[in-house]
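For reference, chains read A, B, C and D in written order, and residue numbers begin at 1 within each chain.
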Amino acid sequence: MENNAESTEKKESRSDNGSGALNDMTLLFPAKAENESFARVVVSAFLVRRNPTLEEVGDVKTAVSEAVTNAIVHGYRGASGDVTLYACVADDLFIVEVRDNGVGIADVEKAMKPFYTDKPDEERSGMGFTVMQTFMDEVSVESEVGVGTRVTMKKRLKYANGI
Amino acid sequence: MENNAESTEKKESRSDNGSGALNDMTLLFPAKAENESFARVVVSAFLVRRNPTLEEVGDVKTAVSEAVTNAIVHGYRGASGDVTLYACVADDLFIVEVRDNGVGIADVEKAMKPFYTDKPDEERSGMGFTVMQTFMDEVSVESEVGVGTRVTMKKRLKYANGI
Amino acid sequence: MLDNVRQKDTLIVSISGELDHYAAPKIRAELDEVLQDKSIRKLCLDLKAMSFMDSSGIGVLMGRYKLLNRRGGEIYVKNMNSHVRRIFDMSGLRQIVGVQE
Amino acid sequence: MLDNVRQKDTLIVSISGELDHYAAPKIRAELDEVLQDKSIRKLCLDLKAMSFMDSSGIGVLMGRYKLLNRRGGEIYVKNMNSHVRRIFDMSGLRQIVGVQE
């Protein structure tokens, strides 16, 4: 995984060709639990202009909440750092990405297994990735130990007739 | 003005000392008019956790709307580019910054005069900066021709007893 | 976005939603279309359902004022909240746009 | 965040607001405090006013299930929306937490 979050953001935002069909946003915020709800509100506000169903908004909020919580709890383990939330929508395809520059995941396949958690004592259920997979059409994880983690999630929207 | 938006963001977000008293966010989005309302929603969602009055939320939304509109209309003049919205709150001090890498302003003092506009034909009123100054406690503008513009606005919140 | 009622030479138009730079062209075009009817001398804008306005709204109101002023007409607003009132006061709109309390 | 009603050996607790990782510690602590009363055998969580739940909620419910299970008690929920239902189904909560329709 490339750890150059800034150049990546730049590229992504520049990918906008001004056609009006594509819109995107990048949000950076500190890894604090109080920002989980903020991240959900921002992604909803971004999505809502594309005329999503209530269910789609709920699905996206939940998936983003899981990924952001993971960045805070597992990626940074309570230490300070930034979480990046990138979202983009083009026609009916909505893509959202959550990145951290935290500890990374040694075995992604194992981490994504239902009920797997490295924090059972804190009552983590190990269902975060499973929730993401249930509520989104596609979830992919790139991670490197000591560098960070990037979770990319895609969803096709039923009605793409927003602005 | 420093044109290195990325390193600035980094620094700002890193200024968080994990005390819980300070929180901040950086939002990047393409310079499109449809994103003006999105920027307002995001800054409201950020602010609302500090228990602002309804009037304070309205003031901040309006000031941010003016600065973001200016970045799109004057900074980029309809060309594509990114607008950066940075907000931070520590105790009762709320700071919000709107940046663009657009054409810049040759004479900031003149630009800030009430009723001054370079686009009277488009029914711009020339009151954008005056609105910002009316609704915020402090407005400062740094700009360099060919590099971009940064508008920084501050407001003391009446009740700072949010999270 | 607009909802109109005609009373003799007065047209009452209700503006709903947000009046910012993004929405301004549409609202302006809709107002100018109804104002093509030259028998309209008074335009009353009902701002009750307008949830937001920034300085782009000043431009829209100034422009309609000028248009009506040329035909000897006038423009006023009703149901203005305190936020819009402050924008009116600072911009001098208060001097040219009547306020119906 | 919680609102409680006692009916014999059943405690009905209404959870309001969002149940995420940020809110979980507080909700957990409040539930565990009321559950210190050992005469409570049944915990019924009313989810009507809960506006959001993610997998952090699974952890909270699993934990309370274990606690009550140790004293031979049980836990169930009511007023579950379709979103929470899907989380229940995928996580196996459905097998251990009763659902009052």
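Everything below uses one rule, namely that a residue touches a chain if its C-beta (ideal position, glycine included) is under 8 Å from a C-beta of that chain, and two chains touch if they have at least 3 such contacts.
The structure presented is a predicted model; accordingly, all values stated were derived computationally and were not measured.
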- Give the rotation angle, in degrees and rounded to the nearest 5, that superposes the C-alpha atoms of subunit C onto those of its identical copy subunit D. 180
- Query: Roughly how far is subunit B from subunit D, going centre to centre by Cα mean, in whole Å?
  - Reply: 43
- Message: On a C-alpha centroid basis, what's the spacing between subunit B and subunit C, in Å?
- Response: 27
- Query: Counting in whole Å, what is the centre-to-centre distance of subunit C and subunit D, each centre being its mean C-alpha position?
  - Reply: 53
- Of all the residues in subunit A, which ones touch at least 2 other chains? 34
- Query: Where in subunit C do residues touch two or more other chains at once?
  - Reply: none
- Item | Listing of all chain pairs that touch each other, if any do | A-B, A-D, B-C
- Message: Residue numbers of subunit B touching subunit A in their complex, please.
- Response: 6-7, 9-10, 13-14, 16-18, 20, 23-30, 32, 34-35, 38, 41-42, 45-46, 49, 79-80, 82, 163
- Task: Please give the residue numbers of subunit C that touch subunit B in the complex, ascending.
- Result: 18, 20-22, 24, 28, 52, 54-56, 58-60, 62-63, 82-83, 86-87, 90-91
- Which residues of subunit B touch subunit C in the complex? 33-34, 36-37, 40, 55, 58, 61-62, 65-66, 69, 72-73, 114, 122-125, 127-128, 130-131, 134-135
